[in-house]
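Note that the chains take the letters A, B and C in the order they are written out, and that residue 1 is the start of every chain.
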Amino acid sequence: MSHDEVFLRNSWYVAAWAHELIDGKMVARTILEQPIVIYRGESGKVVALDDRCCHRAAPLSMGRIEGDDLRCMYHGMKFEPSGKCIQIPGQEMIPPKLGVRSYPAVERYGLVFIWTGDIEKADPALIVDYPPLADAKWRGLPGYMHYKANWLLIVDNLSDFAHLAFVHTNTLGGSEEYAYTTKPVAVERLDDGFRVERWHMNAEPPPYHKKVIRNKTDHVDRRNIGRMLVPGIFLLDTMFAPAGKGAEKGVAVEGTRQYRNAQFMTPETRSSTHFFWNYLHDFDIDDPNITLSLRHSLEEGFMEDKAIIEAQQKVFDADPNYELLAIRADAPLSHFRWALKGRMEAERNARAAA
Amino acid sequence: MSHDEVFLRNSWYVAAWAHELIDGKMVARTILEQPIVIYRGESGKVVALDDRCCHRAAPLSMGRIEGDDLRCMYHGMKFEPSGKCIQIPGQEMIPPKLGVRSYPAVERYGLVFIWTGDIEKADPALIVDYPPLADAKWRGLPGYMHYKANWLLIVDNLSDFAHLAFVHTNTLGGSEEYAYTTKPVAVERLDDGFRVERWHMNAEPPPYHKKVIRNKTDHVDRRNIGRMLVPGIFLLDTMFAPAGKGAEKGVAVEGTRQYRNAQFMTPETRSSTHFFWNYLHDFDIDDPNITLSLRHSLEEGFMEDKAIIEAQQKVFDADPNYELLAIRADAPLSHFRWALKGRMEAERNARAAA
Amino acid sequence: MSHDEVFLRNSWYVAAWAHELIDGKMVARTILEQPIVIYRGESGKVVALDDRCCHRAAPLSMGRIEGDDLRCMYHGMKFEPSGKCIQIPGQEMIPPKLGVRSYPAVERYGLVFIWTGDIEKADPALIVDYPPLADAKWRGLPGYMHYKANWLLIVDNLSDFAHLAFVHTNTLGGSEEYAYTTKPVAVERLDDGFRVERWHMNAEPPPYHKKVIRNKTDHVDRRNIGRMLVPGIFLLDTMFAPAGKGAEKGVAVEGTRQYRNAQFMTPETRSSTHFFWNYLHDFDIDDPNITLSLRHSLEEGFMEDKAIIEAQQKVFDADPNYELLAIRADAPLSHFRWALKGRMEAERNARAAA
């Protein structure tokens, strides 16, 4: 079954947090509508295989890790990381092409990235570069959420900061004013997405930030720089500087607090999504309560998003032809969909040519 | 998506009890497979809008009432009762045709009627006339039930009183004899449904009536006059007169007790139904225990119906082509389906001509 | 709706245990995608009728047994065991062809077998012959399980004893060695299935057997003879003889313990199955703890199978085109599917000719 029209295949997708694989635990997860089992072999290697034994379709995730190999616990067939079958109990000859599909898997930033497209194109250099995830000066607690919604509805959500004002008034946003008085300073169209910058001058700190700072009432100049990249990666650099000190002109203002936020949306199916995220802070990094407070605040905010986004999905489930009307603030998300569509067309054409 | 073949559109349907809208509560309800939000504005006006923001399809029922208007709480767009968008935070110009569908809504008899058909035909004079619902001499407690069944299966149920004998022996019916010894005195075919009259002479009072009268063993002459009207409205006038005093000849017998029952079946989808009902009595109307007892008895009876009717729906779900064989008692329901079909065809032809 | 391509129709299927019909209880059960009600009339006769009233499709299993007849409790129509309608309350004339489908039903071995195919071919002599089920020297407790899986996946499971080694290591199997060191002595292809014999010499008794014998460590020679017959009947004769005494040469060794196991797989739908089974022992038959222990052990083993088999079904639900690769041990199950397919083709051809 080909899903070419639905997903971009030739791209790295986050499949798991590396910490999900401790203690020999297998992760059985559907990624882009493919059932996949992920595990760490005894050598430390991370392996991703089709989660269906080629013999009778029993899930390999119900099997047993042996070294770097995986044994199906239905009739005992054993597979090596390449997917090749290397043992059939009670049968000496093993047909050479007997085996299951193996997916390229790369561990980076504490995340497992996998590739479900053309295997020869799976270049680890294509994995997104986001240094804060690997930098000890930033601290965070990694999170995971499951959405019963198409991943592009989450992309849409993150593409328009105006929703902060209405969905997150009491958590991440702070006031409805944010939607009326701030506008993107610049929306930069990129080949693989967009970059948007938005300032909110001389504002009260939003609730989540207030919880982790000392001077809770001093006004701040707030800057958000977001980048949304195919296939569905959102990188957000947030700065709160004491108000009126020239932060918007590039002045390094004392007392500035910064956050780095990485969010990875991986389609489970066309109507459900794996959402991996980490919200990092660069101050008081040895105070675990700060880290935990931010984790809780972000989760609270994401639950607000999830309620709306899953409700949208239900609307589309009930009426797949329901048509949306764009407003001016949709320019970034329209560009993103256009960029994604271009990549998918290129992929389709390359396959047709091959 | 057009549902012309499934529902009669040009007709008023009950969408809610007016009391569901107190305290600024919004009712999110699917009516004839359309998601609709219903609310009362601050002026007192009842408004019914498509429950999907035209921008990103977020449910407006997750929004906020502001005066008579409704604000979507995703990106803050505001809609007036006509459905027109009147504010987009962060954008001055509003495209004139930006908006959501608005449905004609009329409050009558403590019910909210809405119209999902051609807007120019939404004449409030077409709303069914049933004076007892507005007459202080009748008392009742309004009820609502949800059926996982096509509304016509409920119409069928109410169209044949014989089911009282078997389904409701111990609640609303009283004895299986009712099915054998009574027959419709007259079945009158109407343009928009039928009228049926049935007498049960010299019988014990049925259990639900016994509970609210003093002489529980005196025999009664029982008369039911039911009217079933398109699109699915059942109006039942019930009389219990002391037996043998000539009630059947039109004599006004002392000690007679009467009931008026209005039941409105509104399709939610083609396989589920909103059922609004009120069972009114004209005696001891200031004794709340009588009113409550009748409410409980009727609910008990409707639960008996619901068990059978939802079981029928499952049979049709499993085998949509299962064919029924009519008996003589089906004449009224056959006529009703014929009348409804005629109205639907006329609607289709009018649209084709336009 | 014709299911000819999915099921073999002209065959007896187990529909219920006879003990399910005590105390006037009706069994409402879908068999080969037909809703059926089964009951025992007052004369003792077992009756199987279409579980849908021909009038308005109400389930007859919500009705009332009257003598050997069944009355629908919606409008009171009564049906005799042949399915013919014999009473319509309030209507004297009954159309002669008014009625519901009746299914041939035969009680044997404490089981109710029914026939959903051509009625003139329903010969009770075709019911499978398995004397231990009717022989007082064998004792067991009948069981029932419901599988959310196609019945052929259960047939597959039982067709390859190698799964004992991996799925049932700690219950019915005993060791993974069973898969490596034993092989079928003979696979005999039958017209209606196959017969397979497998010996495991000088082995520890498996856990379930250990629980019911006294000398728990003495090695045994274990022999399994299984027969799998269309449409899905598995008959398993198991023997544990003290090791090294020549059981494999036909010597009747003292201290031998034997089991007889009958398993009947009846499709509920194409993706769910009724599973009837009885595991019989020929020793200590008056000790109810032995019988109960075996019942529990088998249930424990079947739950292990169920976990794998229902997981397989989910794989096929998600990707109906997923293709399996056969290994040598699949020869018996391949033959079974071939035999079943032949029977189904013959059935189809006979109908086309008629």
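Note that contacts are C-beta pairs under 8 Å (C-beta built on N, C-alpha and C of every residue); 3 or more make two chains touch, one makes a residue touch a chain.
All of these numbers come straight from a predicted model, not from anything done at the bench.
A rotation of 120 degrees, rounded to the nearest 5, superposes the Cα atoms of chain A on chain B.
Annotation: the chain A:chain C pair of sequence copies touches via predominantly different residues, less than half of the used numbers being shared. The distance from the centre of chain A to the centre of chain C, each centre being the mean of the chain's C-alpha atoms, comes to 48 Å. Residue positions of chain A with contacts to 2 or more other chains are absent.
Residues 156, 160, 162-163, 165-167, 176, 179-180, 182-183, 307-308, 311-312, 315-316, 318-319, 321-322, 324-330 of chain C are the ones that touch chain A when the two sit in their complex. Listed in rising order, the residues of chain C touching chain B in the complex are 1, 30, 33, 35, 52, 54-59, 62, 72-77, 88-91, 95, 98.
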